Structure formats: C-alpha cells, structure tokens
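Below you'll find a set of structures to go through.
Below, subunit A partners subunit B and then partners subunit C, in two separate complexes.
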Partner chain A sequence: MRPFKYARATSEAEAVQLVSATPTAKFLAGGTNLLDLMKEDVERPTQIVDLTRLSHLAQIRPTLNGISIGALATNAQVANHPLVRQNYPLLSRAILAGASAQIRNMATVGGNLMQRTRCPYFYDTAMPCNKREPGSGCAAFHGLNRMHAIFGYSDKCIATYPGDMANALYALDATVKIRGANGQERTIPIRDFHRLPGDTPEQDNNLQHGELIVAVELAKNDFAKHSYYLKVRDRASYAFALVAVAAALALEGDRIKQARVVLGGVAHKPWRSTEAEDALVGKEATEANFRAAAEAAMKEAKPLAHNAYKVELGKRAIVLALQRAMDETI
Partner chain B sequence: MRCELITIKVNGEERTLAVAPNRTLLNLLREDLNLTGTKQGCDDGDCGACTVLVDGRPVLACIKLAAQCDGCEVTTIEGLAREGRLDRVQEAFWHEGGMQCGFCTPGMIMSSYALLQRNPHPTEAEIRQAISNNLCRCTGYTKIVAAVKRAATFAEFTQR
Partner chain C sequence: MARYIGKEMSRVEGIAKVTGRAKYAAEFRVPNLAYGFIVSSSIAKGTIKSIDTREAERAPGVIRVFTHLNAPKFRNDPQDRSFRALQSDRIYFNMQPVALVVAETYEQARYASRLVKVDYNAEKHQTDTEALLASARDPSHGRGTRVRGNPEVALREAPVKVEAEYRIPIEHHNPMEPHAAIAFWEGDRLTIFDKTQGVYEVRRHLASSFGIPEEDVTVISPFVGGAFGSALRPNYYPTLTAMAARELKRPVKIVYTRTQMFAGHGYRPYTIQRVALGADRSGKLTAIIHEAVHNTSSFEEFDDNTTGFARQVYACPNLRASLKIVSTDLHTPTWMRAPGAVSGMFALESAMDELAYALKIDPLQLRLINYAETDPESGKPWSSKALRECYLLGAKKFGWEKRKFEPRSMRDGEWLIGWGMATGVWGAFQAPAAARITLRADGTAHVVSATSDIGPGTYTAMTIIAAEFLGLKPEQIKFELGDTRFPRAPLEGGSMTTASVGSAVHGAAMAIVARLLDLANRNEDSPLKGAAASDVELLDGRLQLKSDPSRYVDAFDLMKRHNLNEITETFEARPSREREDYAMLAHGAQFVEVKVHSELGIVRVTRIVEVTACGRIVNPKTAHSQEIGGVVWGIGMALQEATEVDHRYGRIVNPNLQHYHVPVNADVLEVETIFVEEDDKIVNPLGVKGMGELGMVGIPAAIANAVFHATGKRIRELPITPDKLL
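Showing the complex of A and B:
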C-alpha cells in the first residue's frame, strides 16, 4: 500500500470536515473493499479518515415507523438482529448471501453501499477502464464480459454493482441518511443512491465528496411474510452473483397487492423491475403469473457477447424467487 | 508518514506499539510481534489464511489496518494452546489429519474455533459455510470438515 495520512475521527462533524478538505481523502470503515483496492493500486487516497470510533453510528434501533440502522453496524450485526430477522427477513437473507463470515464481521452497512464493482478490468491497472481512469476506454466492452451488465449500461462502462444487501434495500424502499459538508443532514431514497454509468462511470453514486452516510432507515411494510433472496453464482458460497433476485410480495386474499422484484448482478445499480412488479399486482400468485412477470422483467435486456445466458437465468431465478417467497412462512 | 501509537491485547498480553498507517494487522502480527502462525496468503482478503479473532470474532488480518485495532483484543493460532495442551479444535485437526501442506490450517482452525464458540453443534452445511472463506489449495476439505465435527464432540472449551 502507498503511504497515506491517517486520522481517527472523534465526531461526525470532524470526519466530514477532514474528508471535505482534501479531494483525495477517503472515509474508512470496515475497509474490506477499500483496503483491497488500495493494495491493487486502484484507489490511491492520500488521507484516510477512520470512522470506526464513532460507535453511536453502529446502533440499530426501532423508530416510530420502522427501524434505523447505523452506517457502522456490521453486516453480521444487521443480519442477525432480531428486529431485522423478524420484520425485514429479506434484508437478513440478502446480507447472509454475501461475502463470508469474516467479511460480514468487518464490513459495514455504509461501506456495503459504497463498494465498487468487481469488474476484473477495473481491478487491472494495466488495462483501460473509464471507471478507474476516465477517458481511457472500456476493456470489458470487447473483452470477456460474462459477468457484466444486461441493463442500463453505456458504451463507457458495462460494469455491475456487486452487492447483495442493497438489492434488498431497494426492494424495501430504504432511505439513506447523509451528513453533508455543511453539517446539514439530508436523505436520499435508495433508488436514487446509485447511478447508471452514462458518460461518467467513475461516479458510482450520487454522494458529493465529503458526504457521510450516517444511517439506513426502513419503514414498516407488508412484505415480511412473503419475501426471498435468491443468489445464483458460480460457487455455492463466497462468490459474486451472476444474477440475484430480491423478491417480495404482499397479498390481499389470494391477489397480489404489492410486489417487489429487484435484480442484482445485471446492472450498474440494483435493477428494480417495475415491469415485473406491474405484471404481478392484482394477479394471483401462480407460476404462470410469475413466468409472465419474469418475461416482462427481461424484455428490455440487451446482453453482451458473453452474457446472453443471464436473460434465461434471470427469468428462471425470478420465478423461483417468487415461488420461494410464497413458500416462506415467517 | 506519522506513526500511530496503539495498545492492543494479543493472546492475553497487552502491547503498546508504534505502527505506520499503511501497515495491516497481519503485518503487525507477523513482522512486529513475530507471531508467524497467522499466514499471509493472497494478502487481498480472498483466501482466509490470515484469519484471526478480533474481540472474539473472526476477521481477515490482511485487510484490517493495524491502526484500527487500537484497544482491541486479538487471538491468533498461537493463543489457543494452553500450558502445552492443544485446544480441542487443534486436537481434532491433528486426530483427523485435517491438513495437508498446513498453510491454510491456522486460518481454518480460527474460523472453526469461532464457529464452535457461537454454535457448539453445527451441521455439516454450517461448518462448510463457516469455512467458505478459508481456501485449502490441497483441497483437503473432507478431513477438515470431519475435524470440525470431531471437535464439536469433544468436551466444552475451557473458557479463555
């Protein structure tokens, strides 16, 4: 790792101020992705601001209308928290589908949202990559793109967002609470947190430099009874998704009142399929209707040279995830 | 680069050390404290050879800054044996031959030790899940899993 200056923040205000003051400064929490990228020389911060002593940001607490999860709560703490398991089992399941026991003990909620793509060309500093080095080109576009996007990409970048937790947060309409450089707090609906690559793939999300995630908030919802997180990957554990599906249904009688279908591993951000959701609402929870929703979800998919398999895989995964959501009884 | 002064308890012994910010917990253990039982494998968070317990939980020492460990309690493979007696997990790995070249073994044992503390009677699926971030390039998984199962049948841990 290159040398850098290290500071241990003693307050949110100090953390925000330290990072805002230096364009090449970075916040550090669990470090499971940032340190990895620093070792690979992809990230080269000159100043690290360590957040881990801001213990109030690790709290998980009930709110009047749901739950507030501090940005520094570890993935393991969130996944195993009784309130999360009981009221948001989809979130718990998604987190446990990601990474490994060691990494879930280290990685935080805020860091999980901030993790960067695992596109191998992004990691390989000998190759062009517009995300790593804007204007250098996209080696993946004409390279090996089996793992890459089928939705929402541009000619500048075809990388996918690699996380699992965020797919569940999109399905649950989470809100991200941010503290800005001016000391003000603001909130971003999770659907507006990550970006599509467009012409600026170097920007993964809509945070300004120096803005700090302080919490993720979830409102009460009707999805706890019928939800499922299905992750399809090359190995049974500790691998990134080829396709992941966060599926949630709320029923009224035998009709679907509300539906959520969010796909992971297919775009630069968690890909919420309103097409699939619209196809489900008002219908019965039958396999035929699930199939119709899966077809609707994949209608606009534009596979690349090596990832056409994701279209059929995605359809099957959506059907299976919806079926399992119906089988789940919490 | 200014060094950070940190106090860290390693295998029960409190140490105060000056560490450069860009050094990891793994560097500190192996190079500053000469605790070379913890292995450096991929050095990138993938292989699990560097697994140690920080405040009782298994983590990857290669992607944790030493400076972040100020005030933490760290247990390494050297901290498991007591008065010349192996811990039950070590004992079980020895009995079952749960190792070939041995490079992954300290990390495997630390992950397994943490699993059994949390879940004294794990299923095979739970064992495999718990060691899924510990790669054995000799592919000796069958005997490793058998070793963790055997460890679970041994008498309870002496509390440390």
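Showing the complex of A and C:
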C-alpha cells in the first residue's frame, strides 16, 4: 500500500472534521472493501480515519415510527436482530445473501452502502477505467461485460453497484442519516443515495466528501408478510449477483395495495422498477400479473455484448421472487 | 497380513500443520532478510522503451531496483527454455516481470514497485487461440500421431455417428499457498527455500542458470500448501530471488501475490476439441476421431497430451487422436491436475453420451458394450483393470437402474433432475526414485527421500510403508522429504509418488533386512542360518523367519553386539522390466446427480458416487481425501472455473479469487468415494497406481451429461454457468 496517516476518531465531530480537512482522506469502518482496494492501489487515501471506536454508531434501536440502524452496526448484527427479522425480513434475507459469514461479521451498514463496484477493469490499474481514473476510458464497454449493467449506464461507465443490503433498503424506502462537515445532520432518501454514472462515474453516490453516514432509518410498513430476496449467482455462496430481486407486496383483500420491485446487479445503483410496481398495484397476486410486471420491468433494458441473458434472467427472477413473497407468508 | 498398509491413518504432519509449526517456503526465518516485489508488465507484446526507477529507488527502505538493464544474465540452457525474468527488453506476455524492487520490508517493496515507470513499444499481440487455428501445428516431439486402422472411412460408413466441438477455457490452479522463495548465498553456495513439487528440478534449473555445480545448490521445501501442477516447473521467481540475493549479498524473499500467480506459473491451456464417433446399431464403436488444439506461448512449446488417454479407453479398431498447438502471446501453460486427461475425457465422454442418445442406448450400457478387455492401443494385456466392477458397483450404489432415459423426465418441484455418468482414466506411472533408511538400535528409524508432499499424504504413506516393512510402529518412524540433501526422487506429479518413492522406501527396508540377516549369520549359531533375505522379515525388533517366527534374532541386540548404533541403507527403485509387457492404467466410474433450476439455470450437484480402481490403497483416509478433492475440482471445472482474457489488451481480467470462482463449501453436497481394490503384482512391488488426478477426470463430463439429462441442453463449452441454461 501507499503510506497513509491513521487516526482513530473519538467522536463523530472529530471524524467528520478530520476527513473534511483532507480531500484524500477516507473513513474506515470494517475495512473489508477499503483495505482490499488500497492493496490493489485502486484507492489511495493519504489519511485514514478509523470509525470503529464510535460504538454508539453501532446501535440498532426501535424508533417511534420504525427502526434506526447505526452506520457501524455489522451486517451480521443487522441481519440477526430480532426487530429486523420480524419487521423487515427482506433486509435480513438480503444481507445474508451477501459475502460470507466472516465478512458479514466485519462489514458495516455504512461501508456496505459505500462499497465500490466489482467491475474487473476498475480493479486493474493497468486498464482504462473512468471510475478509477476519470478520462482514461471505459474498458468494459466493449470488453468482457457479462456482469455489467443493462439499465442506466453511460458510455463512460457500465459498472454495477454490487451490494445486496441496499436492494432491500431501496424496497423499504429507507432514509440515510448523515452528519456533514458543518456539524449539521441531513437525510437522504435512499433512492437518491446512489447515482447513475453519467459523465462522472467516479462519484458513486451523493455523499459529499467528509460527510459521515450515522444511521439508516426504516419506517413501519406493510411488507413484512410478503417479501422475498432472490439472488442468482454463479456459485451457491460468496459470489456477487448476476441478477438479484428484492420483492415486497402489501395486500388488501386479494388486491395488491403496494408493491416494491428492486433489481440488483443491473445498474450503477439498486434499480427500483416503478414500471413493475405500477403494473402490480391494484391487481391480484397472480402469476400472469407477475409476468406482466416482469415484462414491464425489463422493457427499457439495453443489454451489452455479453449480458443479454440478464434480461430474460431478470424477468424470471422477478416472477419467482414475487411468487415466493406470496408463498413465504409469515 | 499387512499391519499398516490399507488401514486408516491420520496425517502424521497434521498437528504441525494446524498448529502452524509446519513451515512453508515464505515462513522460514532468515536473519537480515530483504524483500523483493515483482513489477509486472502492462502490455502483452513489444519491448521496453525506457524504464525509470529513480523515484522507486528514493522510496523509503528500497535497497535496489533490478531491471533488464542492471540484472545479470543467466546462463543459456538449451534444455530449459522456460522463461527467465529481466533478461532483455522483450515482452512476451502480459504481467511479465519487468523489474524487481528489493526493500527492507515487504510493504516498502510493494509500494516502491508502483513508482517504477515503464514505457513500452507495444506490438500487435494475439492471445486468442480461436483466431490462430490456421497456424495450428504438431508439437515437435512427434508423439501421438499414430493412426489406428482407417478412422475416416470407418466414420463415413458408420450407420450411427455423432460429431461435435468442445471448449475448455484457460484455468488456473489457485492453490492456497502463493509461490514463494527465500534465497541466500554462502560464498558460491546457494540455499533456497522454495514452494516446489520437485527440489531436484529446481536445483538443476538454478545450477544451470547460475553456471554452478548442482552440488552447490541446496533446495529445501518441506511443506507445500497445494500446488496441483503449478509448482512442477521451477517457474521464474527462484532464479530471480537467488539473483537478487547474490547481487545484494544478503538473503532475499519473493512471494507472489494472488494476481501474480496468474502470470507466474502456467495454467491449463485453452483447449478446443472435435470428437467424431461412429458406431454400429448395436452400439459398438467403429470409429473414434478426437482432435484437439490448445495454446502454448510464443517462446516455448508445451502440450498436455490432451487426447493421449482417449486411445486406451474403448475397444475400437479405427482411431485418430491428435493434438496441435498454437503460439499465443501468453505465458506458457503447464500441467494442471489431471492434465490432458480431464480435458480429453470431457470431450470424449460428452461425445459418448451424445452417441448413447443417438443410439437410444443407456449411457452406462454403451460403455460396457465398448469395454476394452485388452489395451486397444498396444494390444497388450492389462496389468489389472477393475473398471467393469467400478461401473457396476457405482451404478448399484447410485441407483442408476431407476434412471429414466429421456431428458427432462425427472423433476423435483422447480428443479429438473439429471443423472449423468462418465469414465475416468489415469496412468500407473513409476519413475526411478531413491530413499535412505537409518535404523537405530534404540528401535527408531529415520527415512528420507527428496520427494514432496503437496497434500496427497506422502508423509503419511511413506511412514506407513516404512513401518510395515521395518516391522516398527508408525510412531517409531520419522520420514522427511523436500530437501536436495536427501536421495533423489522424481517430481511429485502424475500421481506416481507412492508407486515410485514407496517402492524405494520398500526397497531400502528390504536392504536393511538383508543387512541385518548378514550380521546375524556372521554368528555360527544364528537361528537364521541358511535363510535368504526374502525368507525373513522384521517385526517388532525381531528378525524372524517368515515360515517359522519362533526362529528369530533380536535385531537391536544384534546391532549393539556389533557396536552399531545405527545402520543405513539407500535404495533406488526403478520400474521393472516386466511392466513393458503390460498396459497399465488406473480407472474410475463417476455417477452424478444434478438439479437444475428450471427457471434460473442454476446447477446444483446434489450427489456424486465415484468408484475408483487404482491398485492397492495404502491409506484409505488420505486416499478418500484425494478422491473427494478430485471431485470438487471436477465441480469447479464443470461449473465455475475460467480465466478470462480480454484479447484487446491480451490481459487476464479476473486474476483474483473474487472474480475467478472455485467451489465453496455450499457447492459441494453429497460425495461418496469408493475404492475397488486391484491385486496388481506387475505395476510395482506395492501394487499401487496413481489416484490423485484420477478422481477428477470423469467429473466434468459426468456433470455436463447430467445437465443434458436434466434439461435437454448439451453444453459443450465449460464452465456451465446459469446464463448458458436459460
């Protein structure tokens, strides 16, 4: 790695101030993504601010209207928390579909939201990559892009956001609580958190430099009864999604009152398909309606040379996820 | 009756391994060690225009930066065209070493490696085997060109035929332990700790590279954290490590990163195969045409004999089995577990399944119809062959008779069930090997041979064999390996170690017996008077007559009476002359159940029964581990493994374990391995054959065949990922 300075933050304010002061500073949480990228010379921070002693940020607690999950809560803690399992089983499922037990013990909610793409060209400093080195070009666009985006990409970048947890957070309309450089807190609705690549793929999300994620909040909802996280991958565990679907339904009688369909592994951010959701709302939960929703979700897909399969796979995964959301009544 | 051979025994080095006491190459403590980090090229072909090391040299802790401009030249060895680093400005493959940074710590060296600036004159490269087929040529060794009968005519006239092409991507071994070496010089004498499957090979390579006598090089490699062929050839880092140590006059260590391993030791080549089979309506094969092409590098010829075993599997009078190679701007391929065999059998056994469906004959039945009672290639009898027993036992254990012939005819809810099978084959090789035994009067023995233990359990097997024939308990034996100060042994490869080194240990034990008998019979009243060495045995310290154990001499008293604290014998075992009159192979039959998700194309290998016939089993515990490991390798090859090259850059895009998939525990479900023992007096004195590679040979084909049975889709290009089954 390149040499860097290391500081252990003793308060949120100090953490924010230390990172804000240096444009090349970074927060360190579980380190499972940042350290890997530093070893590969992809991330080159000159200053590391370790958050792990800010134990109050690891709390998971009920709020008046739902739950607040501290940014430093580990993936394992969140997935196994009784409130999460009971009220937000989709979130628990999504987290457990990711990484491995060891990594989930280290990885945090904040770090997971912030994790960078797994595009292989991003990882190799000998290859062009606009995300890593703006202006160098996108090697993946005409390259080996079996894992890449089918929605919302640009000619600058076709990378996907690789995470699982966030797909569930998008379905559950989470709010990200942030502490800024001026000490003030602000919130970002999760659906505005990550960005599409456009002309600035180096920016994964809308967090400003120095801003600290302090918590993720979930409101009460009616999805706990009917939700499912389906992840299709090249091996049974420890692999990123080819396509993932976070599906959630709220029923009124036998009609769908509310629906959420969020796709993972298909875009630079979790891809919430309002087309699919609109196709479902007011309808009965039948296979035919699920198929119509799946068709609607994929209508605008623009596959690349090696990932056309994601369109068909995505459709089938949506139908299955919705069916299982109905079957897995708790 | 054997006391130890054939009985389960845990690894003698197991505790050392799990407690960290076992030292791997990079773990030896050597004072004043400096750390080298390799800088790799970013182009596939061309020359280095300029290389600027100034900033790297100024970085903290840096001792020296070696490039082709200041590194000494190695001796040219016409016998050994393997790549040597930093010898010229020429780039032959991507990620080729272009500099070596040596620093006081590993992190300093790695950091400074990023400050080395290299400018290239890039030339047009070609890394795509598919684009080079027009230039395919025969390997210059000329082996494997013999044609049996008249396959073209036979194929043309065959009433039933199938023909198809099969593809296998580049694959990398990915052992857990990265390759590493620590080298230091004492005057002109070199000592190197290395990860290798053959210390003598590394010694020869280093001696010839530095132009020094082999006796002046000591190579030490007691533990290897997996290799699978990746440490058969000396590779380029030992010379580089030794060069730096010599120039800097201090010990140097080099460890590959995972990424560097992808261009650091070779790989299974990209292989395209065409198989055409002709048969009569009863299923009898009348023609086999099996043609393979795979890649090599631009500077070295390598071939893995892809179609070699295809000649001996089925009785068929007309056969052509060829292999051609093309030169790519990639590093040279190498042997990777079950080299050639698993590739060739993937194609041949997939084609046999296709033929079974063309004939509407059960796939197992088709194999039995074409069973080779004698070697179809040489006409010689088999030294032993229990393949039929493997087929029948495997079928019974698996429940094969309940299989419905039609594809897509078995189902479990959303999952399509498929049952497939295939044949496995490997050699029963033996190479000259030597071992030395020192028997001590205190009742212990020290046994050494310069073999390796890359995981199959060589330490344990040799301990068992020595204990058996010295009549001692395993605890009384200390076996050591992996050191050029020990008698010569072949590379640990080709699954020939137990046959080769085991025979040497057996022979050395017999020499000890003969020596003791000689000592005993110097005494006029010896109860063993008149006995020949073959009439006596050692058992619990008694040298006794086999036919009448009441006639014995206490061996250790005998030694003490002669003032001998120890006696030492060295024995070199060679393949017997008798072997030449026979054909010798190890065989197996694999039965696989897969479940394929009907919508998502996900394949789960839910059940495997693997039955293996490879002579006598020395240690069932480690032997089963080998077969299970082979099965897991087969699952990886069938479903997951592929090294992907972006041919525009001539560069591997997935050189790490997040992008290059190997099976995880969740991919491996029920695996049952069974041995059918063969009593083979021909192969070697111990009656053992190769097994480490055999276990994977039929698995990829059996899985692909099961996937066909489940889905009706014939996937001829590995790996079988979900997208191919939508």
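Quick notes on this one:
Assume the second predicted complex is superposed on the first by the 330 of 330 C-alpha atoms of A that agree within 3 Å, B and C clash if a C-alpha of one lies under 4 Å from a C-alpha of the other, contacts with A are read in each partner's own complex, and residues count from 1 in each chain.
Criterion: a contact is a pair of C-beta atoms (placed from the backbone, for glycine too) under 8 Å apart; a residue touches a chain by one contact, two chains touch by 3 or more.
Owing to the predicted nature of the structure, the values given are computational and were not obtained by experimental measurement.
Of the two partner chains placed around the shared chain by superposition, subunit C is the only one that A:R118 touches, whereas subunit B remains out of contact.
Once chain A of one complex is fitted onto chain A of the other, the partner contacts of A:K283 are absent, as it touches neither subunit B nor subunit C. By the touch criterion defined above, A:L28 reaches subunit B but does not reach subunit C.
In the overlay built on the shared chain, the residue A:G143 is in contact with subunit C alone; subunit B does not reach it. Once the two complexes are overlaid on the shared chain, A:R2 sits against subunit B and subunit C alike.
Contact with subunit C, but none with subunit B, is seen for A:L313 once the two complexes are overlaid on the shared chain. Touch criterion not met for A:R195: it reaches neither subunit B nor subunit C. Comparing which residues of subunit A touch subunit B with which touch subunit C, the overlap comprises 1-3, 236-238. Residues 1-6, 8, 28, 31-32, 35-36, 39-40, 48, 50, 52, 76, 99-103, 105-106, 236-238 of subunit A touch subunit B in their complex.
Residue ranges on subunit B touching subunit A, taken from their complex, read 1-2, 4, 20-22, 24, 43-45, 48, 51, 57-60, 63-65, 67-68, 70, 111, 114-115, 128-130, 132-133.
Residues of subunit C that touch subunit A in their complex: 42, 60, 107, 110-111, 114, 599-602, 604, 639-640, 644, 646, 648-649, 651, 653-654, 656, 658-659, 661, 663-667, 721-723, 726.
By the touch rule above, subunit A contacts subunit C in their complex via residues 1-3, 41, 118, 120-121, 123-124, 126-127, 139, 142-144, 146, 232, 234-239, 242, 309, 312-313, 316-317, 319-320.
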